[in-house]
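Should a chain be cited, it is by its letter among A, B, C and D, assigned in written order, with residues numbered from 1 in that chain.
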Amino acid sequence: DSLLKIAGKTFQSRLMTGTGKYRSIEEMQQSVIASGCEIVTVAVRRVQTNAPGHEGLAEALDWGKIWMLPNTAGCKTAEEAVRVARLGREMAKLLGQEDNNFVKLEVIPDPKYLLPDPIGTLQAAEQLVKEGFAVLPYINADPMLAKHLEEAGCATVMPLAAPIGSGQGLQTIANIKIIIENAQVPIVVDAGIGLPSEAAQAMELGADALLINSAIALAQNSPAMAQAMKLAANSGRIAYLAGRMPIQSHAIASSPVSGRINE
Amino acid sequence: DSLLKIAGKTFQSRLMTGTGKYRSIEEMQQSVIASGCEIVTVAVRRVQTNAPGHEGLAEALDWGKIWMLPNTAGCKTAEEAVRVARLGREMAKLLGQEDNNFVKLEVIPDPKYLLPDPIGTLQAAEQLVKEGFAVLPYINADPMLAKHLEEAGCATVMPLAAPIGSGQGLQTIANIKIIIENAQVPIVVDAGIGLPSEAAQAMELGADALLINSAIALAQNSPAMAQAMKLAANSGRIAYLAGRMPIQSHAIASSPVSGRINE
Amino acid sequence: DSLLKIAGKTFQSRLMTGTGKYRSIEEMQQSVIASGCEIVTVAVRRVQTNAPGHEGLAEALDWGKIWMLPNTAGCKTAEEAVRVARLGREMAKLLGQEDNNFVKLEVIPDPKYLLPDPIGTLQAAEQLVKEGFAVLPYINADPMLAKHLEEAGCATVMPLAAPIGSGQGLQTIANIKIIIENAQVPIVVDAGIGLPSEAAQAMELGADALLINSAIALAQNSPAMAQAMKLAANSGRIAYLAGRMPIQSHAIASSPVSGRINE
Amino acid sequence: DSLLKIAGKTFQSRLMTGTGKYRSIEEMQQSVIASGCEIVTVAVRRVQTNAPGHEGLAEALDWGKIWMLPNTAGCKTAEEAVRVARLGREMAKLLGQEDNNFVKLEVIPDPKYLLPDPIGTLQAAEQLVKEGFAVLPYINADPMLAKHLEEAGCATVMPLAAPIGSGQGLQTIANIKIIIENAQVPIVVDAGIGLPSEAAQAMELGADALLINSAIALAQNSPAMAQAMKLAANSGRIAYLAGRMPIQSHAIASSPVSGRINE
């Protein structure tokens, strides 16, 4: 299996995590390690505003090993997202990641389900690509929007499995399959995954990577769940490459049982 | 996590496999190793009749490490199954497993879907328990039948996820949940699992172990799929113990984003 | 479409209902009428013990038009069920249905999920068939058990969609399909249906009839839901006979759009 | 139940159909009648180009009773769709529907899955609203896009259940629920419905109407399937208003069976 490659940078792990919603910094640290992830997304605005759990983030993780993925959570419009993306680039520099131009683009006007705005996301993506960002946009699982974003130069597309933080699993399978079939860039399934079986399922469909936060942070034992998600992502990837058995209405007898029982 | 314990014997792996349907002995050997399994089920009648792929089974696996689970595949009635179970015990002895009294009980009159007969299975189980066997009966996912078998002294109950060899995944979830909730013996989900995500799902529900054969043997790359199933079984077990996040209609905001964007 | 025929008796409606769980006798009466059903099941023991809502049942429905289906709810063993079935026959006679030998056989030792006992059900069925009953056994969706019951002379088989009163819908589709494929007697899907879409789905699979009680009685507007279930059962039956379109990954273009737009 | 109201016009039927893909004009005519629909969508470009099955459409249906919904199938861009919408208005006039300003807006650059373009659809919708059209846009099930279109003045939003002509059923349930929850305009579920159970399900979720074409036209018996869809749409609507029973893990005993069996 070749490595995951995003915007020219390669990663061994196909599981990305976040830093939000943990009960403590320690639990977050242990979970990030247990997940084996190499990319951690961080809400720029939460860091800027010293939101609970986001103080001391510079020291909390080993940024020599973990690639930061600044995200624009909390931005309702394209303009806000562009500004916050720029702040994210500064943040990455402060952490010593001089060449980190990644941004997870979230344009979310919806206060309840936190669903992304397709129009604003595309506008912001176009602007950020112009400014040299590697843009990883968070979107609803709309194959045509995914295509627009790819054509606009985005580094990946990140369709949602279900609303953020819902843990409902893959509610958008049919569209995610089409997105994967059509894509030339890596597809990262983001949001909604609640269980390892769902993580494995997304990878089995051919997703290139996953971003999972709430399912780990809100599990009763977060580091254990992080490890489970790591195994599941690997498992699904290996299965995708191994090629599944055909689904059948019933077994095809391959070695018939015949003859007399020898007593 | 405590180990899997069946009839007083403990196992580290919660994944069992079989020997049927492989394209070659080598592929079977590699897959059994890659799966990390400690229990391999063998069709007694196929060995007795030297069915293709069952010659040289004594040498094919390391029976010092792998616990053989003789099965009564090909038996249509309780009587046949009892006789074949006895043959299986002899087979185990020949392999050097003197104290192996395990039998995977299959009473299958159905030539198409290979579904087990609840009545014949219970009769054979009662007889085999009397004769000192550790009986692991293969059944449709009927919670009341599972209870009867447990009360008859069976060592486990092995409800099917879907018809053998179908690869359809968990088609009997609601009943399997109830079986698990009610059981005092280990529940082994057997038959129908086609993908690692489905293996993980069964373990997340609280199954104690899995038996997977076709999904590995009929994958395009069997040893790789065996490894994927190993990871998935582990993943699902860890997640079951870790305690999943609650499913929600939408995210509960835990760290609100507020304040002005600092430029 | 030919009529539903059970034990030599024909019915136009393929929806059966019950009398339990209603908030009032009036609501039950209106719902039975709105459902268009011709068969209503009645719990013999609830009538015998004058359970709430079961007083005055003789007058509550027009037993000249409605065929009573006495059921053995509350029986934990085959013996109890046989005795209650005999009482049911007497009850039918008192209502003027001299030739009514129908009994819905329920042998339910499970106090929580009210799941039927396959062993006790088969025993009771064999006895009742001997005594000349038209036996309609309520079972878990086990195709092999269904076959045993058919061979024992039962008039129908009534597999459950999900636990009684759960409203979870078709949780046993794969097994119900096989039961339908194998059966020579009418298959009545019983228990678990919560919505008209689920009723339609069962009929689309080829079920011959449905028994729905809780979904109607516990709806906010019971008579309206009864009407909805009537329409759904008809709809599903018509669709089954009409033959569905094939499921496709995408449309097959049948009339290509070509040429220039004429302005 | 109040009537379906779209752009100030009221309809009794909540099922819309189309004219494409039928094997003959006669079958189409019979199916439209059997469906009880009052709105039929017609592909303007297919009429313009005299595509097979679209000759003589003026005479084929009773346009005094059926409201024509011209659609812009075959348009890849907003510009094309706007032009074709204008042609559609002329077509309606020729059929005697002087005041018919409806247009089903389809902007579909995707040749395989025929998925709509969110960006082009919004652009065309804004233009057509300006020109006085009652716009019914066909979209992927994206709640934020639905909101944009509603705010742009569209008369309805028509999210897809699954790709057009696929018959896969409700693959986008989670998003359709949110669209319905958020909408002030009628929501018409369009595309992908293959069976009456799926039609009923969409209505049970609270959809205001359905557009079903392939499932009827490609059924083995189209007029029968049209009737089944009519019943299913009614059934689902009635159930939505009636209020379903709660889903439960098991039955809540309402009338306990106690006391002795009276022999």
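In the analysis below, a residue touches a chain if its C-beta (ideal position, glycine included) is under 8 Å from a C-beta of that chain, and two chains touch if they have at least 3 such contacts.
Being a predicted model, the structure only gives us computed values, none of them experimental.
Taking each chain's centre as the mean of its C-alpha atoms, chain A lies 34 Å from chain D. Computed centre separation for the pair chain B/chain D is 46 angstrom, with centres defined by C-alpha atoms. Chain centres here are Cα means. That of chain A falls 33 Å from that of chain B.
Multi-chain contact residues of chain B (touching two or more other chains) are listed as 113, 163, 168.
If each chain is drawn as a node and touching chains are joined, the picture is one closed loop, every chain linked to exactly two others.
Chains touching one another form the pairs A-B, A-D, B-C, C-D.
Residue ranges of chain A in contact with chain D, taken from their complex: 109-110, 113, 115-119, 122, 140, 142-145, 148, 162-163, 168, 171-175, 178.
For chain D in complex with chain C, the touching residues are 20-21, 43, 45-46, 48-49, 51-54, 73-74, 80, 83-84, 87, 112-114, 163-168, 194-198, 200-201, 204, 214-215, 217-222, 224-225, 227-229, 231-232, 234-236, 238-239, 241-252, 254-259, 261-263.
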